[in-house]
Amino acid sequence: MREPAPDEVLLRVASCGVCTSELDMWQGMADIEFPRFPGHEVSGVVERAGSQVEGLEPGDPVAAWVTGRGFAEYVAVRAEYCFPAGSVPLDLALAEPLACAVNAVELAAPALGDDVVVIGAGFMGNLVQKLVQLKNPRHVIVADTRPDALERAAQLGATRTVNVLSESIVDLVREATGGAGADVSFEVTGAQAALLTLGDVTRMSGKVAIVGYHQGGMRELPLAAWNWMAFQIVNAHFREIDTIMGGMRAGMRLLTSGRLALDDLVTHRYALEDVNEAFATAVAKPEGFVKATVTIGPSPPG
Amino acid sequence: MREPAPDEVLLRVASCGVCTSELDMWQGMADIEFPRFPGHEVSGVVERAGSQVEGLEPGDPVAAWVTGRGFAEYVAVRAEYCFPAGSVPLDLALAEPLACAVNAVELAAPALGDDVVVIGAGFMGNLVQKLVQLKNPRHVIVADTRPDALERAAQLGATRTVNVLSESIVDLVREATGGAGADVSFEVTGAQAALLTLGDVTRMSGKVAIVGYHQGGMRELPLAAWNWMAFQIVNAHFREIDTIMGGMRAGMRLLTSGRLALDDLVTHRYALEDVNEAFATAVAKPEGFVKATVTIGPSPPG
Amino acid sequence: MREPAPDEVLLRVASCGVCTSELDMWQGMADIEFPRFPGHEVSGVVERAGSQVEGLEPGDPVAAWVTGRGFAEYVAVRAEYCFPAGSVPLDLALAEPLACAVNAVELAAPALGDDVVVIGAGFMGNLVQKLVQLKNPRHVIVADTRPDALERAAQLGATRTVNVLSESIVDLVREATGGAGADVSFEVTGAQAALLTLGDVTRMSGKVAIVGYHQGGMRELPLAAWNWMAFQIVNAHFREIDTIMGGMRAGMRLLTSGRLALDDLVTHRYALEDVNEAFATAVAKPEGFVKATVTIGPSPPG
Amino acid sequence: MREPAPDEVLLRVASCGVCTSELDMWQGMADIEFPRFPGHEVSGVVERAGSQVEGLEPGDPVAAWVTGRGFAEYVAVRAEYCFPAGSVPLDLALAEPLACAVNAVELAAPALGDDVVVIGAGFMGNLVQKLVQLKNPRHVIVADTRPDALERAAQLGATRTVNVLSESIVDLVREATGGAGADVSFEVTGAQAALLTLGDVTRMSGKVAIVGYHQGGMRELPLAAWNWMAFQIVNAHFREIDTIMGGMRAGMRLLTSGRLALDDLVTHRYALEDVNEAFATAVAKPEGFVKATVTIGPSPPG
């Protein structure tokens, strides 16, 4: 536990989410150097503020952006990377994944009354679906292969869910959109098959948004068809820190104002000593699993 | 009642809204040639479809875009200017003003979690407010001078209302936004004073959207301050027919899908023989008045 | 030779370009129904104007947009699809391919001072290069495998050319851009290999523009790397007629004002009776070949 | 002369431009506190680099962004605010005003083949004109009241110049644009009259760009007409430091690559001891005056 620099705050960590991107690291499979320190979905309470910090005081609950070492009791973080959590329970103040989803949805920019398809109903797919719904399109059609995931998507507000193992998503989208296809389609799986589906369900000149992270070799795309259909291809990944911070700010504003809640997505909570079990569960993805967080310090009274 | 051209449908008019822009014409004050034929906020039921029309059949309820003569029993209109009304009551299918508001809001493009100010709580201000809320900003602060209008804005979902005659909107916005000012501010009055307020409540590099139609001479702007604040000025008017049709399509999708309803805005209904009273009321704007429509034919069973 | 409809003009065709997209049709290989009528890069002189046409008179030289049958002495075309050719030689008034290139470059939107890579130095690649240069980036690096094509690219104004068979384009771009990579990269080949190169030469968060038409099966993309680099993917194809017309208008304005000339790209001209030889040459692509046109009627005095 | 901080370089100043925005300060008329230290258009040679600075070494010529104190022999500046000047003469490396003009032109974004009007042919008007021309519109029509300024605008490449004291700019623009009006119009005067002219020369749905800084009270706008014409209003001022730096980077890339030169705009040069004369001349604006710079240290061999 080090002292905060003049522009930092020292946070007493309340909670840290388990991110899919760290599962490889935890399993020792990733092609990276060790030791590494996972944990970047952090929230906590300000313990001490650096000498130049304004607007943050000891006791303030915040969500924060860190690049690792989040599974710890304390973490020092730049004050400008902290966002007020208000009365949001800190284990639900998952600002970092929320920032990714906010930025993806803002870039794809579904308009009022658009028809939208979301392929993938895991945690990120659910976040994308929820944020798309906050923009009030007409139809929100969610596809997956897992019945429990589709049931959850329906409860979250999908106007239609599709199990692609047993139903024709192309027929369903065509029917819902009067034959035209979706205005915007999101792929949130990282899988080859979902990419192909994008092209089949999107209208001419519509947008196909790639949100999934496509690890594991080349992806095949029917580019002649995508050319012909004049799709706008949206690669929903960001590297500018300002963009990431903008997404966190927007996401935390949605949470603190009650426009959005994540209580229906955090399904598994673990104590810090059970962090290994948290990762194991995130790998196993048992039925009903969406998102695991590790509770570290006491949450302030909400 | 003429036959529809091959690409037209003949509509049996159900309802036509009374538009503020036509009040001058009705009062005989406008500097225009007579006779003129007001009425452009039309809905009705397809009576006959032209020979080349696809997708519309007798009996279909639609909202339509016409440039006048809407206060009539029948009107012929291009099929591509008709939008399905589904089970929306036809006196609430006000597609034309909705299109204006949809296009204004989409151009100003408030992002998820933004703070928004709407100055003006008449019919168009209410529409803008409702559509802004469908995009889920954080705060929606509505200003006006009429207590009944502000009460209605609150019921429509404003997070805060301001009577600018008795409260400081600058102080209120500053407080709500942590001192920064609004991300997007809409002026929906057409009045000089509201323009000046825009600059006082908007953050640096934020957007000031001019939706009101500024008739009656020059407007004064503190342009040095607007330069200095690097505002993005949004002139929310449109002339391209494709843009207008896009706004109607989106608006009717919102209505038919239940994402939006206008039953709280249509406050006065008149029979065709009372059209003069409808205009007189729209001019007088009695307390509680928002929008008048003239009911012409029978609405189909909703 | 039919009479023009009220909104059409009858053109006496002066010239029609031979388009790569029609070579399959000519060779009988394409999977399409016959008979087909190729020829869509048409210019000519107005012979007669329909009764409702304004602004076009007999004798006016124009470039026109038709969807086929351009290899003919006369063609009837909607007046709004005709653009004045001024004193531009009509065999150089290739408005349709120019429209494709204008729209591709405007969509990718290289900014003043950007570094740009163009992969492919055939006719469309040359057009893209010329239009990119009209936007005054800093570097314009052109890659191909044919020495004659690269020599032409250099003469057209490339700041650097790269023969990817013998030089490392990655090294060259890195050196030219201070290690960052190009701001915008265009693929104008339709080939798999060029797609892969895009990712290797573009900076983080830069734009990769796919202009080539990718026929012949799936394309493989290293999507994980493209995700990680947060590339903006630009699919430079268009289907809206308004967009195509906008590109033709802009392209013809560039030609008629002398900002752009195409005399260095039309390398082969044929008489109408030699149209088969024109197609054969376009298929064979002999050294020095860029673009073939078929001269049909007499060009007016330029 | 202080030592550079770890992320700074110490510059030996070569040249500093005299900016119009500082003339009030020099004349003691501005409503600001004294002492103030003018001079923000600085170029020089790196004397020493801070310990963490990479990519800049003693002897490197650069243009730099400072907020004042530029009329001095040495200035310390953050390394990331320095841009290589290559072989550009340092008294012509006016990166700061160039950044303003680059950002204004990129925001207004004239497209290939557009028709553009620039009102105001002083130094900033000339810069805007030159950058607009680098984007290759069709017509560039420049208006002013000073014959010498118009003659210079013509030499810089205007396709037409207009003395608004003796010619009708409305007629001229209408004629040049086939009756439509300009696609984009820039006001670069800061004067009331030029604002009114914008609306008279711009086509429906076109862009009106306000670049001039409108000090000295309210400005009057015919907003009803601007609403009706559906103009896109572009307020070409910026406050984000990243945007300013982006403009400097682009501007210096244009200069160092030879795409742009400013030798025709710097008309008056002064020694440091004559700085008062430099300001007096900038106030007096004698015929032929465009821009004054103060030469401080020796320029490196270009």
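Order of writing sets the labels: A, B, C and D. Residues in every chain begin at 1.
One rule holds for everything that comes next: a contact is a pair of C-beta atoms (placed from the backbone, for glycine too) under 8 Å apart; a residue touches a chain by one contact, two chains touch by 3 or more.
What you see is a predicted model, and the numbers here were worked out from it, not measured in a lab.
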| item | value |
| --- | --- |
| Mutual neighbours - chains that touch chain A and chain D alike | B, C |
| Same-site or different-site touching of chain C by its copy chain D, using the half cut | same |
| Interchain centroid distance [CA atoms averaged], chain C/chain D, Å | 36 |
| Chain B and chain C: spacing of chain centres that average the CA atoms, whole Å | 43 |
| Where chain A and chain C are represented by their mean Cα positions, the distance between them in whole Å | 41 |
| Two or more partner chains touched - positions in chain D | none |
| Graph class of chain-chain contacts, one of line, ring, star, complete, other | ring |
| Interchain contacts (touch definition) - all pairs | A-B, A-C, B-D, C-D |
| Contact footprint of chain A on chain C as seen in their complex | 195, 204-205, 210, 213-216, 218-224, 226-235, 237-240 |
| Contact footprint of chain B on chain A as seen in their complex | 102, 105-106, 109, 111-114, 131, 134-136, 138-139, 159, 249-254, 256-257, 259-260 |
